[in-house]
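I'd like to ask some things about the structure below.
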Amino acid sequence: MGNAKDDDRERGLELRRKLNGKRFGDTSTVLVEEEPELEDLVNEVLFGRIWSRDKLDLRSRSIAVIAALTATGQRPQLKNYIANSLNAGLTRDEIIEILIQLVFYIGLPPVANALAVAQEVFREEGEE
Amino acid sequence: MGNAKDDDRERGLELRRKLNGKRFGDTSTVLVEEEPELEDLVNEVLFGRIWSRDKLDLRSRSIAVIAALTATGQRPQLKNYIANSLNAGLTRDEIIEILIQLVFYIGLPPVANALAVAQEVFREEGEE
Amino acid sequence: MGNAKDDDRERGLELRRKLNGKRFGDTSTVLVEEEPELEDLVNEVLFGRIWSRDKLDLRSRSIAVIAALTATGQRPQLKNYIANSLNAGLTRDEIIEILIQLVFYIGLPPVANALAVAQEVFREEGEE
Amino acid sequence: MGNAKDDDRERGLELRRKLNGKRFGDTSTVLVEEEPELEDLVNEVLFGRIWSRDKLDLRSRSIAVIAALTATGQRPQLKNYIANSLNAGLTRDEIIEILIQLVFYIGLPPVANALAVAQEVFREEGEE
Amino acid sequence: MGNAKDDDRERGLELRRKLNGKRFGDTSTVLVEEEPELEDLVNEVLFGRIWSRDKLDLRSRSIAVIAALTATGQRPQLKNYIANSLNAGLTRDEIIEILIQLVFYIGLPPVANALAVAQEVFREEGEE
Amino acid sequence: MGNAKDDDRERGLELRRKLNGKRFGDTSTVLVEEEPELEDLVNEVLFGRIWSRDKLDLRSRSIAVIAALTATGQRPQLKNYIANSLNAGLTRDEIIEILIQLVFYIGLPPVANALAVAQEVFREEGEE
């Protein structure tokens, strides 16, 4: 019989695999390696219990996360989630438009920084 | 012949009217009254030139704005845009789920504050 | 046989009861009521899995949380955790000293705000 | 006869020497070099008058500073104070636990960034 | 013979008296009352050693402080310093223009909040 | 007959040319290149309509922007505007004093970071 936490972790890892695509397991997607407790929280709780809820689609969740990480200026995480969002149904033009949409709410500097991150992701994805 | 700036303002006001619904013209939606230059920026540029672009739907723009205002803790503006988002195609359950989605990215306190704002909006809308 | 998640929740609730003392169950300590999923996260994960780890004492955890909430200006949560910290082994003088210690690292305004919150807690606790 | 400001500066420098250990005088610990007024403030006031007060031990002060710098994302200063905290009585495991403790209060991204800084400090200290 | 710290405090108090004008001694200008150590820091160091330096005029210092407090959303302190700035040579129109100037750098919400604070100050000053 | 938006853009570009001086057109001054809509906003609205208003001199506007960017830690934009401010009437000593002035309002870490940026600008300008 399955353990509830193991089920959460399995569900979470499956979703991360889908969102990370070819990058699954890359350092850039595993930001808290070496801390097993945090890895467990990310897999079981963040992806297994929150991202997996069926109350909102992955595309909408991605928009919210990109906007929040842009507002807080969390560059490496933003890069990871912009790349993920291409596997969650967002197009490059939509990602750029999400960032432009925020200019009046958080100011131009964090938007300009996030646009640079997005261009970096698009270049790297384009090369593959 | 129409002036380009007047066209922008007209388009912006029309969109604000749609998003504000019954609240259009209320103090809560006019956060920078008494400063004509800022009112012009909001109508002509923010709503007339950014929100009006057809590259992204109003629902997605609303998610991004709600997430950014939650992350930055801008309470009165968050209240206005949560109310607007009900006219942009988001349901109450989706709005709550957007906030829960952010817990691991910005922490529980700003999410708890935003949930309280959302409950306030839902109560006020329910009374009408 | 006990379910692992239930064990976490039970351990978490026990710890909250200890930290909240007479305030246990008060609205001020239940900041995300009405959202069962978040209540579960707080009980099972935050208190049952993180606060409960034996790698660090409750006093030290309280200092870290008070400092972080002061730096981010999260007033209602700060009030709750300053009250909790009196049950985690901190004295009033120590709490004030923690706040003064932060002046050069985050500036005077958030420290002054937090001192006002601490005074409010001390007055309320003193009345009981 | 001793001048009060000179006494403060002497006390402050002595404490910095203790906290910096082998790194005393390194660029990484002198973040405002070339601005004598700020150096005076740091030595006389920050270390001579605040850190030196006997109302709170150095270990607790270090926890508060590490938490505040993690919350505000001040990377070079965080690196300096994590290294200092090893001379203030904190172990490596306790430092990591302080950071994990903050996940639900400020979100995962600043915690992940701070964990990377801590690993950097531990590697550098380990080499010596 | 004068003590250097006493000289600093005297110089600082004199400057606060000038900037506060009729409000000198009011609660609104004494944000850290009840903490003698912080009051000393404010009088001796902040006003006696920093604000008093002749390298920059009071008007320019006021602009910098208003902009920083607007960006960080520190409302009670912002109110105090906007009132002070009227005694440092800024006009009401200039104060409003400083806030409008920041829209693209920090976003509209903190600017709108600061404009409301400024209007509050102007109303209170006008009544006197 | 001139178009109102074209007039704004022309006025804005002229002002950017003045503030950027020899750096006009450099990548460092064009932070949102590749996004024509944002470039238009910067030229027409930010520089053509806000910076160009005659209600406040360029020197005062520069102080406000430098203070806000220091408070929010926006490093590349801060570098650009510190360089601009030398063309807006601020001296190197005044720029440093503006930063020192902020220590008690936002804490030492963002001030130390901004001082490092200023030293970088001064070295680069000195070399030319």
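Note that the chains take the letters A, B, C, D, E and F in the order they are written out, and that residue 1 is the start of every chain.
The rule is simple: a residue touches a chain if its C-beta (ideal position, glycine included) is under 8 Å from a C-beta of that chain, and two chains touch if they have at least 3 such contacts.
Keep in mind that this is a model prediction, so the values were computed, not measured.
*Asks:* Spell out the chains that contact chain A while also contacting chain C.
*Replies:* Both chain A and chain C are touched by B, D, E, F, going by the contact rule given at the top.
*Asks:* Determine whether chain B and chain C, two copies of the same sequence, contact each other through the same residue numbers or different ones, counting it as same when over half of the numbers at the interface appear on both sides.
*Replies:* Chain B vs chain C: different; shared/all numbers falls short of half.
*Asks:* Measuring centre to centre with C-alpha atoms, which chain is farthest from chain A?
*Replies:* E
*Asks:* Write down the chain pair with more C-beta contact pairs when E-F is set against D-F.
*Replies:* Top pair by contacting C-beta pairs is E-F.
*Asks:* Quick check on the interfaces: B-D is repeated by which of A-C, A-E or A-D, going by over half of contact pairs matching?
*Replies:* A-E
*Asks:* Distance from the CA centroid of chain D to that of chain E, rounded to the nearest Å?
*Replies:* Centre-to-centre distance between chain D and chain E: 29 Å.
*Asks:* Based only on mean CA positions, could you tell me how far chain C sits from chain F in angstrom?
*Replies:* Measuring from centre to centre gives 42 Å for this pair.
*Asks:* Roughly how far is chain A from chain F, going centre to centre by Cα mean, in whole Å?
*Replies:* Using C-alpha averages as centres, the distance is 32 Å.
*Asks:* Residues of chain E touching 2+ other chains?
*Replies:* Chain E, residues with two or more chain partners: 37, 41-42, 45-46, 50, 53, 69, 72-74, 77, 100, 103-109.
*Asks:* What kind of graph do the touching chains make: line, ring, star, complete, other?
*Replies:* Chain contacts: complete, every pair touches.
*Asks:* List the residues on chain C that touch chain D in their complex, please.
*Replies:* By the definition above, chain C touches chain D via 41-42, 45-46, 50-51, 53, 55-56, 59-61, 63-72, 74, 77, 93-94, 97-98, 100-106.
*Asks:* For the complex, which residues does chain C have touching chain A?
*Replies:* For chain C paired with chain A, touching residues are 3-5, 37, 41, 45, 49-50, 53.
*Asks:* Using the touch definition up top, name the residues of chain B that touch chain D in the complex.
*Replies:* That would be residues 103-109 of chain B.
*Asks:* Could you please specify the touching residues of chain C with respect to chain E in the complex?
*Replies:* That would be residues 73, 96, 100, 103, 107-113, 115, 119 of chain C.
*Asks:* Across the complex, what residues on chain E touch chain C?
*Replies:* On the chain E side, the touching residues are 31-32, 34-35, 37-38, 41-42, 46, 69, 72-74, 76-77.
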